[in-house]
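Would you mind keeping the following structure in view while I ask a few things?
Chain nomenclature is as follows: A, B and C, assigned in order of appearance, with residue numbering initiated at 1 for each chain independently.
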Amino acid sequence: MLIEKRITELGFTLPKVPKAAGIYSQCRSFGEKFVYISGCGTAINGKDTYLGKLGLDLTVEEGQCAAKNCILNALAVLKLNIRSLDNIKSFVKILAFVASSNDFYDQPKVVDGATKLLCDIFGDEVGVGARSAIGTNVLPGNIPVEIEILLELK
Amino acid sequence: MLIEKRITELGFTLPKVPKAAGIYSQCRSFGEKFVYISGCGTAINGKDTYLGKLGLDLTVEEGQCAAKNCILNALAVLKLNIRSLDNIKSFVKILAFVASSNDFYDQPKVVDGATKLLCDIFGDEVGVGARSAIGTNVLPGNIPVEIEILLELK
Amino acid sequence: MLIEKRITELGFTLPKVPKAAGIYSQCRSFGEKFVYISGCGTAINGKDTYLGKLGLDLTVEEGQCAAKNCILNALAVLKLNIRSLDNIKSFVKILAFVASSNDFYDQPKVVDGATKLLCDIFGDEVGVGARSAIGTNVLPGNIPVEIEILLELK
């Protein structure tokens, strides 16, 4: 339980596993060691602290906190499905969507909130993967960030 | 041909394989058993029954029907490329984009039209994978939904 | 160095490896032979020749040139990370986002600029994979195109 200890040391608590927003799995294993986590939103324990769009309703700092929430939700999903977070070999790729006004260009800074957290928890070797940060005009339920993750297990 | 029988039982017919909209393959195998299907649109047999954006031009119900069309097109592509739809082990991940007005927040409901169909045809075990449902301001040719799929073969 | 020779023959030069726009890897290997390249932008050697949105600021032809730039940046990243571009078995999937006005529908034509270049350099067998071309209201730094790539090595 090294990773969970690290999460606690950093001052975070894993939230309740979010409910799927429709007909899909939160998490799907494939091949021998790969896992896809479905697009995770920003509500923690069912509570939407951050809603709206970057460049309009939220600051970059708020967007970064929202992006962190996506990761905490993803880790809660992972813990339920792969038992131990110590079993992760690497976060291969993160695809992050940031709800943005037409003239907000700092999606990468917002998504850094997510990838910095992964890096802080898992270290560079495991935590830092490939990434795309994409703007969009709107996300489900008016959340500001949605992140899907591909990872590889040990 | 169990899956094709099931499709017929559900009252659906596989459409003609849609033409690629440019320079790419409709379908690409990789590794030993993985397949990526290119972003599938909503026109069936070349006919655009659904065009426009959710929250502006189309109801959620129409969006769900459009999302179903994406899946039917994907299955037509798959049948051509992997011979038998019975050969699918699992639909690993679906990435679905929904053309949306700036204040339309029900992308997951729209995409349920697609994932419910997969579930009805293939059952939970095979048909229900990970998923991300993302809003966007516009899609190619003004289609309302575009879906790409990662799957694993037996 | 067959592929690099081919790039030169076609009149292109690999640019400097672009700097990551935040906390992530430009490129991540996983499994035995898979590689994900992070979302690549359109600036070449740090210079933004193309900025803005299709349907508003840029013509389709300019968008195609911008899309080509994404590929050249991706190949620069690849060369650094996998040593020889001759070691690529196939470009499995390309996910391309095109910053678009609400009524611009020709994302596939724009992205053809990217996939035609891959096809010209690597040939059909290696260069032509699955693809999704998606519109979006805005991309990081106001770039017109962002492309992430999944590929398989020999």
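Assume a residue touches a chain if its C-beta (ideal position, glycine included) is under 8 Å from a C-beta of that chain, and two chains touch if they have at least 3 such contacts.
From a predicted model like this one, the values you see are computed outputs, not experimental measurements.
S.K.: Could you classify the subunit A-subunit C contact as same or different, where same means more than half of all interface residue numbers appear on both copies?
M.R.: different
S.K.: Through what angle, between 0 and 180°, must subunit A be rotated so its C-alpha atoms fit those of subunit B, rounded to a multiple of 5?
M.R.: 120
S.K.: Let me have the rounded angstrom distance from the C-alpha centre of subunit A over to the C-alpha centre of subunit C, please.
M.R.: Each chain reduced to its C-alpha mean, subunit A and subunit C end up 25 Å apart.
S.K.: What residues in subunit B touch two or more of the other chains?
M.R.: 31, 95, 136-137
S.K.: Report the residues of subunit A in contact with subunit B in the complex, numbered from low to high.
M.R.: On the subunit A side, the touching residues are 21-28, 30-31, 36-39, 95, 97, 99, 136-142, 146, 148.
S.K.: Touching residues of subunit C toward subunit B in the complex: what are they?
M.R.: 31, 33-34, 90, 92-95, 100-109, 111-112, 115-116, 119, 128-137, 150, 152
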